[in-house]
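There are structures below to look over.
Shared between the two complexes below is chain A, which has chain B as its partner in the first and chain C in the second.
Let's turn to the complex of A and B:
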């Protein structure tokens, strides 16, 4: 019941502006074309014999409303591929990226995923951002026995045998963020999100978590993706008198929300907003002075102090320009390629079943600290970090979990989350 | 009580923003029957003009200089976007008059090209325009009743635009010719009015107004290659409800939609509020297919 509702919501955007999306898809087809024609004699992903390159798919929105975030992740994935090729490739073979544009349109994502798996026979795909796009490609990967590395934090409650989740699940971002706020004495939560799968499921979990502490959210609002008029929502926030806003807005709406919140005379001191989809890249578009002082929850910041990160930030800026920034999904899009490389080399094959088996427990020193693939659920153990946005657009860490948090996509280890698994099954 | 006063202000503010994005469309769609789906991209050009001017100014002076450049950006956005509109009309639209469905497809393509151009020039991520200091903050009329300066300023700009359009249409000889072409194209043509020239100027004027809308939207919304797509549907609804060819109708429609949207959204949610407004517009158009006001042609 809940699942069908969610998929209806995620599909809803395909229906509201079909012409628009169709056009964007058409443009994408014109602009990008077949990025790499399948070369003759290329063997399917399952077989290792022959061929001097291994084709890997990169599937992100390079046009449309999500391109604001996804182009940078594509850049990070390509950087990792380039680094791996420069140091000898995977099992002596160069990686050849096949880039496709999902065009911020979920059916396009499914179609491109099918193209990558069936025509290009890629060994693995790195891609997707929104949960709606992941849900759209999931059946494609499962029916074609493909492999997807998904780099973005998401709402959990999913373990596809064909997906590796290198972003955070809820117990590595949202749940600790709520715990942090409760620890700071916050009691009146206002939940604001975009109207699709990720914010709705996140808020369902937050509501349960608050109930577990004997609290209740003072308000819960959803706006369509791409919504730009927040004056009424801000009136509602004022009327509800919360002491923190938990923000799961996605994409361009964040710019409008933070600009208008500041203009309404609400500062981070009066009412902190904690965001889970606003990272360094988005802060630049919002304008650092509009969001300075507000909180964000992630597993990585550009300021995270590790030797791997110093190297990563320098390489990223050297390749894409000194004014570019790195952030959590960019980092996850980067180290996912390395995790896959290690699993392939351990398995001695790009065969999906063998890679999956070999991936269990694989550890990598990522820019954000050590990451480990879980033994059974194909998620990644990572350190949780909460930060405060500075006036220069960078983020200061104010709290971290100290050690990597083991992923628990169904929240089985939390008593208040009992039964959540069944609500979406 | 204060919440309601604030909501009324929010309604007025949303109405003026809707009016600003719809004014240019009311000219090209209302007066010329061109379904201009690139209108959103004209808005985007206005926004990027503001951004580019800011970058250029801070490069020249070596520091942030948003105080003056932000005001210079208003006429500049109007001129740049108007020039792009003029080019589009001369090179494409003029071959498609009296074929509204073809203009729909052609301008759609133009819009996509402009979006991708912006993405190539300025990059896919959103950019930031720093608003001048005197536009930050708001006028506090009560503890919870703060009227943001930016929204007050946008209201002022819309009033100036309306006065300018009124002067152009009813007090200038160009405007008189424009109204003549609106009312009866063949008759005006036979009386020596160059309808081609009127078409070009009207389309350029509509595009220029979209440019000013783009300037205004940098204050409150995201600035990215696809920003026009957030507004173009709303602009069409305002123009259709207002009645083709009627600036007063467009003004009424903007206020009705803006106020209803704010009230419904406050009572329900953003999504339901928008659906309710759409339903009411559809029902109204069933009753009065020509919209609030109808152009009387002779």
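Let's turn to the complex of A and C:
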């Protein structure tokens, strides 16, 4: 009797039991997971109500194509948070980072932004890199009245009341770069970019600017993101005989373009290329010998000579390894945390409206020089720098604006840009 | 107790005994849970569940053609995306309020393209979310099925479709928003889109759409058409020789499936707030097949469960382990293939816990520790013993 029962278990039902258990466990996980998580996170520990920590969100791509660039910015943001906590936190409270992975996927960015704001109730989010991810989270921040510090140079023409832009807008990078080149006697511009919003908008602005000086671009080419075959483009460049190539290519494409340009026998002396999306981190990928001698426009280089930068570079390397480099978005991801800290302490609260009000005009000595939050448009005034890539992958500054340039995302102060604001708003 | 378990097993094994109650108890319970969920979930979690349900509709649409008709489409993201874009065009024009949508301006356009014009009207956009993906699937399907292309070749063609369409949408930035996609909507039929009430209404619309899709799929597979689909999956020639035209039947069900995927996409857009080409590429399209496989292919409830379990796990794991969550998800997929090949529903139906340890035997044999013949007997060549879990009876009744 017993034996037959046993054999029945082992043959007939032995497999059903674990199967059922697993199924039940899974259902339980689904049922409990979503309801358990908010109950832990829903307490407003991020606000002023007597919590000992302030939750801050960090939202970057930690997987996918953008992770190479974005993890470095995440690291810089975490470094700033660690430094602030070591020196007593913000208003006596420690900052507690809540890290989320945007996974290089724009709908995921929107989901994670919603999670940080609605579930974790973070006081502020530091994050995003691509314009696409910023555009994806923008409605989330606006409808939930959140606060985002965005650390990367971008195409301008945007002032969300819920975003602080700590990277450069066009008049702090592209416009002065064109002015610098015009001042160097360059007249024939060839515009080359990846096919998405940043290069398209940049070139729209550059074309206007050239028109303003009575010039016209001798060529304008776009390649899909990730494109790696540039021989056609290079022959078009040769045929157009430009004085300078204005490069808004992004990501891997730069590796292919600079290598093939060198293989085609075009040197930086014959034809300088000025890039606005190539920083120290990207130079490592391209290979310094392929790009040495070409120009880049930014607000910060690892070689920028300030006491703050010496300290910052040393701290970054000490925490993450001596072989790591710093660059412009990394620096912006770092000082954004300090700007927010100063605004919160001035406001005496993490309340978004109060922080926004207090942030007006706040100044901080960033590694790249003094930065100031604009009185109305929530961008930061920064020093513009143009540099030449060295053979060791570092960048030598060849020109700077001398003082911080006030941000002008809609280019209202430029006569040639008249009407651009009306067309987007 | 053992007896009780046995009853439970037959309960979930519609093929063995098919009382009305047993067949509908599980879906009805799930529906009840979904209807009550907003009462216990926070707004954010409810929004996530709403999103997962649109994925469940998508998985149902794939299950219809893959699980029953044996056509593995690796391009279902395209139909999902087309439905999403159709609805997003309406939402974007409503948000732009008579002006040119922002991305068109910065891409150099100065007036609205003619094919955007009719999307101002919801009565045009709403049918289009079904018609556009259905028309593409109908056209492509007829050409493919008429040429008697099946199996892996069909999968490859649909995968190529996913690649082509996503590249096309990235490249045509002035008309599609490029890599950014279309985002920043303000209102849906006049209601502010981010208001909790609107989101709750969208949630219930999605529940209703999921329930209706489930009923529709159930009706199809239990109809004559459904039997023909299964028959075509198992032996297409025999169906052809019986006087049916498989090309027409397959085109029909492929078209319907694409239209359902389009509806899922349209429901996804207002809840998530963005549509972008990244949802139409190869990776997301393959992911849909993974949901169905994890849930249980050829079982309607499996598709629903798979979509919700995999995406729920994805969200929760990435929140808890932002740096390494993908490894857990990978382990789940490997597990689905090696340990419970029938998917989650397979476990319920008693055919489930069938670890395919055969591969382990192969590895050991390769290392010289074990004879290959032993390992094959253990796993690769399954000899069903009488009374074992994978009884021939259960196998036969697997496809209703």
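Going forward, the second predicted complex is superposed on the first by the 378 of 425 C-alpha atoms of A that agree within 3 Å, B and C clash if a C-alpha of one lies under 4 Å from a C-alpha of the other, contacts with A are read in each partner's own complex, and residues count from 1 in each chain.
Please note the rule applied: contacts are C-beta pairs under 8 Å (C-beta built on N, C-alpha and C of every residue); 3 or more make two chains touch, one makes a residue touch a chain.
Just so you know, these numbers come straight off a predicted model, no measurement behind them.
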With the two complexes superposed on chain A, say which partner A:314 touches: chain B (first), chain C (second), both, or neither. neither
Contacts of A:63 with chain B and chain C, given as first, second, both or neither: both
Applying the document's definition of touch, where does A:103 land relative to chain B and chain C: first, second, both, or neither? second
Return first, second, both or neither, reflecting whether A:281 touches chain B, chain C, both chains, or no partner chain. first
Quick one: classify A:353 as touching chain B (first), chain C (second), both or neither. neither
Would you sort A:375 into first (chain B), second (chain C), both or neither based on which partner it touches? neither
Looking at A:201 after the superposition, I want to know if it touches chain B, chain C, both of them or none. Which is it: first, second, both, neither? second
State whether A:114 touches chain B only (first), chain C only (second), both chains, or neither. second
Touch test for A:140: chain B only (first), chain C only (second), both, or neither? second
Shared chain A surface residues [contacts with chain B and with chain C]: 17, 19-20, 23, 26, 31, 62-63, 195, 224
Could you pull out which chain A residues touch chain C in their complex? 5, 8-9, 11-20, 22-23, 26, 30-31, 33-35, 37-38, 42, 62-63, 99-101, 103, 105-107, 110-112, 114-115, 118-119, 130-132, 135-136, 138-140, 143-144, 155, 157, 195-197, 200-201, 204, 224-225, 423-424
Interfacial residue positions of chain B with respect to chain A in the complex: 3, 6-7, 10, 13-14, 17, 108, 112, 115-116, 119, 123-128, 130, 136-138, 140, 144, 146, 148-151, 217, 219-227, 229-231, 233, 261-262, 265-266, 269-271, 273-274
Chain B touches which residues of chain A in the complex? 17, 19-20, 23-24, 26-27, 31, 62-65, 67-69, 71-72, 195, 221-224, 226-229, 231-233, 235-236, 238-239, 252-256, 259-260, 262-265, 281-282, 284-287, 289
Can you check the complex and tell me which residues of chain C touch chain A? 2, 5-6, 8-9, 33, 40-45, 47-49, 51, 100, 102-103, 105-108, 167, 170-171, 173, 178-181, 183-185, 194, 272-274, 276, 278-279, 308-309, 312, 315-316, 318-319, 322-323, 325-326, 340, 344, 347-348, 350, 352-354, 385, 387-389
